[in-house]
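Next come two complexes, and both contain chain A; in the first it sits with chain B, in the second with chain C.
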Partner chain A sequence: MGDAAALYWRLVGAQVRGAWQYRLSFAALTVGSTLATVLDLLAIVVIFEQAESLAGWTFDEVLLLYAATAVPFGIADLFVSPVEDTWEHVRLGVFDRYLIRPAGAFAQVCGDGFQLRRAGRIVQPLAALGLAVSRVDARWSGGRALFLVLTVAAGTAIYGAIWALTASGAFWATEAREVANSFTYGGGFLAQYPLDVVTGSLRRLTLIVPLAFVNYLPVTWLLGRPDALGLPAWAPFLAPAVAAALCAAAALAWRAGVRHYRGAGS
Partner chain B sequence: MRLGSFGGGSFGDSFLPYWQVARRSFQRYATYRGATAAGVFTNTLFGFMKVAVLLAVYRQAAGPGGRIGAFDETDVVTFTFVSQGLLTTMGAYVGMQLAERIRSGDVVADLYRPLHFPGYWLAHDLGRAGYQLLARGLPPVLIGALVFTYRLPPDGRAAAAFALSLGLAALVSFAIRYLVILSGFWVVDVRGPWSLTGFVLMFFAGLIVPLNFFPAWLDRLARMTPFPALVQTPIEIFLGKAPGGAAAALAYQAVWAAALLALAERVTRRAFRKVVVHGG
Partner chain C sequence: MTGPAAIEVRDVTKEFVVRRRVGRVRRERVVVRAVDSLSLSVRPGEMVGYIGPNGAGKSTLIKILTGILLPTAGTVRVAGLDPQRHRVATARRVGVVFGQRSQLWWDLPLADSFDLLRSVYRVPAARHRANLDAFVDLLDLGPFLGTPVRQLSLGQRMRGEITAALLHDPAVVYLDEPTIGLDVVSKARVREFLARVNTERGVTVVLTTHDLDDVERLCSRLVVVDRGRLVYDGTVEDVKARYAPDRTLVVDLEPGAPPPPGAVRSDGPRHWIPFRRDETTAAAIVATLAGLRDLTVEEPGIEEVVRRMYRDEARR
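Up next, the complex of A and B:
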């Protein structure tokens, strides 16, 4: 495990030094990543130009909801989303190279694809989080602040696990990459809005995928709002447990996938 | 070989080779059935998620029976699913092999072809767009129709105008992406400009929120750019709700298509002079 961590940080360091050789390009890409998240927020601003509230949520409340998914999504995007490269590695038959080195394939794939520019996607959500926290009435206290920090940590783990879990699909169905996007990027999109707006099977899906635990349930608790999903009052506190369970499932799926992998045979 | 002057004959020489390129490109995309099915799944799921959000906004803002801009509830639903259908067709985030060929320098080999260079890549992209319209565009719209009621084009003329509009949209989409990729002749890494264009395109084309939901000033600003021509304009024609009428909407698309394709031609010439300078 220590070896994997050491190797991971070596790979990350190499990627950062590599990107730094092309400073202008690095700057352009980082600005691009930052602007991408600005557009997400702009969509919410545009929506609130039309409507004073969305499913009973005010702008400030939706801002908190948005930040509480965008920050963990951004962190998971920075550290875990490179696992997506697995689709390409398996398709091209070059995944073998991660298996012949004496360290875990997962850490290698994530380290190898690390792009510091993705940090740009955390900047604006963090600012939004600060703004939202200062504007909503959530009876802030030390305990509630800690709850928010744990929410972000659990959310990061959930998104990371969704990335790892879906990327494990690469070992069985190389062409199914876009299905993975439904859950990673699709999940990141849907969680930006109050889940009150979705109904039926889509709403149930947010409990299975467990998007609802990333931000909706914790934020409804912080704001003292009714939870449209009708879960018990203690459900928001399950987020860390849900995150841990999903990470375990992702680890099992990844291991099964790596065992299932057969090289290109060349 | 007149390398600097364009790789070969003019577009009018013969249409047949371009038709063949488009056909092969169509077939190439048709090979990946699993990927198409996966894409349909994703586009459809996104359609249902977007419809949930936009209908909530709509009901809050307009109330029952009301409208946002010229749109009523049926228009919002129709817009969302048709725009999901047009997402990949109009090439949001759809790259071209050209980008990699410029980066690697293989593009030099393309100059030997006795074909008009932008025309070759246009044919390539239209083949792709045609396949994606049928295989990836239609299914999400049909699946959405199982749950929601759409507004269909009011008459045959509107339907014909919509078909024409899709063709013009594909030309504008190609020209924008081609120009961004061609910047690779000047900058080392086109990924920055490319991802930035992707996001601006998504937003101003109406792929995130219909332009009707924008505040008036942002709507006006968006319509000064070519981006709405990709998705917003065709769907407005489809619904029979183009501001200023279908003819004006088609003219807007045609002017941008002509202007951007002419620009693409000029930039191609300049890029090729640069290749000759660096060549060898």
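Up next, the complex of A and C:
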């Protein structure tokens, strides 16, 4: 585990140095990805131009909800989403290079695909988080602040695990990448809004793909709001356990995928 | 030589399932046998030429030996390890060059790739330094160590690839087409280097190539596969005597000179004269020619040799 992490950071460092050779394009892309996330925020602002509240949520509350998913999504996007390159590696037959080396393929793929410009996507959500925390009435205390930090950490793990799980599909069905994207990027988008506005099967979907644990349940608890899913009062505290379970499932899926790849060949 | 083999392949079979479309929707499962109960043993320090036509199952066996692929049946041992079960441990003892696919980091200077590989293989710093210095010297890498890999010429990149495969002191190296596309000078340099690494460091080398010259100059032993099966395992000399005794002498004579005796084809001043190596020599034929300006000797390519071998196999 420690070895894999050390190797991952060495590879990340190498990618950053590589990107630094094209400073101008790096700067432009970073600004671009920062601006792209501003559009997400703008969509929320536009909604509140038309209405005082959204399913009973004030602007500041929705802002907290938004930031509580956008920050972990951004962090997972920066560090784990390069695992998506697996689709490309398998399709082009270059995944072998990771198996030739005496190290885990997962850390190698994530490290090799690291792009620092994705850090731009965390800037605006972090600012939104700061703003929301200062404006909502959540009876802030040390314990509740720690709860928020754990929420972000668990959310990051959940998004990272979803990326790893869906990327494992690359070993079985090389053409199914778009389906995988609907879970990762689509899920990230869905979680930006209070679940009170979605109904029926879409709402249940947020439990199966456990997006509700990323931000909705923890934020409703912080704000003392009723939970539209009608779950027990302790449900918001399950987020770290859900994250751990999902990470374990992702690790199993990845291993099974690599095993399948080695068995089937390319 | 005694002691355990560097590579031990016993009754290895590898089958792939390919889905083929039949009709509009229906798909048919077709089992393709890429390696067919193949056995092979390579002693430590041996340098083996490993050849066969495209699609013969060469790369599949190499992939099984590195642990990338799992065999359908049979057992494999490399440097005393089982690559099926201990891929990572085996990878530490093995080096690979896939000529067509780079192991290097495209956007980084060559030196950075070597540095990263030190982390990947966890080579002690002093050992890495000593090996790198030796290889930089032998392959003359100095002038382009700071150049991003994507800007290297093919010859430079290949020298980089070979260094990358050897930096961690592997016991066994698989080289897949290490001289493909190289000019004569680079080719000679790579061959000389491989010969030295093999004799001085005792590295076991399996060399896959389409260039019979590579095999002739470097390997005493030749292994030929076709359709997943071993069709020849013996010395290079034997195979040439048996399957490739014919040569063609191509000569350029003074313009207007009549075609020399024995020429089967003439094109202006150029004439093609076939002969058998066990009957005469190119020198003997050349001695009979007047007004010779230039000459080359063509020998059957590896594809042709293997084709003849396979034809013989089928007749048996």
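Here is the rule we go by: the second predicted complex is superposed on the first by the 261 of 266 C-alpha atoms of A that agree within 3 Å, B and C clash if a C-alpha of one lies under 4 Å from a C-alpha of the other, contacts with A are read in each partner's own complex, and residues count from 1 in each chain.
Basically, a contact is a pair of C-beta atoms (placed from the backbone, for glycine too) under 8 Å apart; a residue touches a chain by one contact, two chains touch by 3 or more.
In this text, all values refer to a predicted model and were calculated from it rather than measured experimentally.
Novice: Specify the outcome, clash or fit, for chain B and chain C once both structures are aligned onto chain A.
Specialist: Fit - chain B and chain C, as placed by superposing on chain A, sit side by side.
Novice: Figure out whether A:Q50 sits in contact with chain B (first) or chain C (second), or with both, or with neither.
Specialist: The first partner, chain B, only.
Novice: Could you look at A:L42 and tell me whether it touches chain B, chain C, both or neither (first, second, both, neither)?
Specialist: After superposition on chain A, A:L42 lies in contact with chain B alone.
Novice: So after the superposition, what angle do chain B and chain C open up at chain A's Cα centre, nearest 10 degrees?
Specialist: Once the structures are overlaid on A, chain A sees chain B and chain C at 80 degrees.
Novice: One more residue to check, A:G32. First (chain B), second (chain C), both or neither?
Specialist: It touches chain B, and chain C stays clear.
Novice: Of the two partner chains, chain B (first) and chain C (second), which one does A:G263 touch, if any: first, second, both, or neither?
Specialist: It touches chain C, and chain B stays clear.
Novice: Mind telling me which of the two, chain B or chain C, contacts the most residues of chain A?
Specialist: Touching more of chain A: B.
Novice: Mind working out whether A:A233 is in touch with chain B, chain C, both or neither, as first, second, both or neither?
Specialist: Neither: A:A233 stays clear of chain B and chain C.
Novice: Note down the smallest distance between any C-alpha of chain B and any C-alpha of chain C in the overlay, whole angstrom.
Specialist: 11
Novice: Which chain A residues contact chain B in one complex and chain C in the other?
Specialist: No residue sits in both footprints.
Novice: Which residues of chain B touch chain A once you look at their complex with the stated criterion?
Specialist: The contact residues of chain B facing chain A are 32-35, 37-39, 41-42, 45-46, 48-49, 52-53, 55-57, 60-61, 68, 187-189, 191-193, 195-196, 199, 202-203, 208-209, 213-215, 218.
Novice: Note which residues of chain A are touching chain B in the complex, please.
Specialist: 22, 24-25, 28-29, 31-33, 35-36, 39, 42-43, 46-47, 49-55, 173-179, 181-182, 186, 189-190, 193, 196-199, 202
Novice: Could you please specify the touching residues of chain A with respect to chain C in the complex?
Specialist: It is residues 3, 6-7, 10-11, 14, 17-18, 21, 93-94, 96-97, 99-104, 108, 112, 259, 262-265 of chain A that touch chain C.
Novice: Any idea which chain C residues touch chain A in the complex?
Specialist: That would be residues 14, 16-17, 34, 60, 63, 66-70, 87-92, 94, 96, 98, 101, 103, 105, 107-108, 112, 116, 119-122, 148 of chain C.
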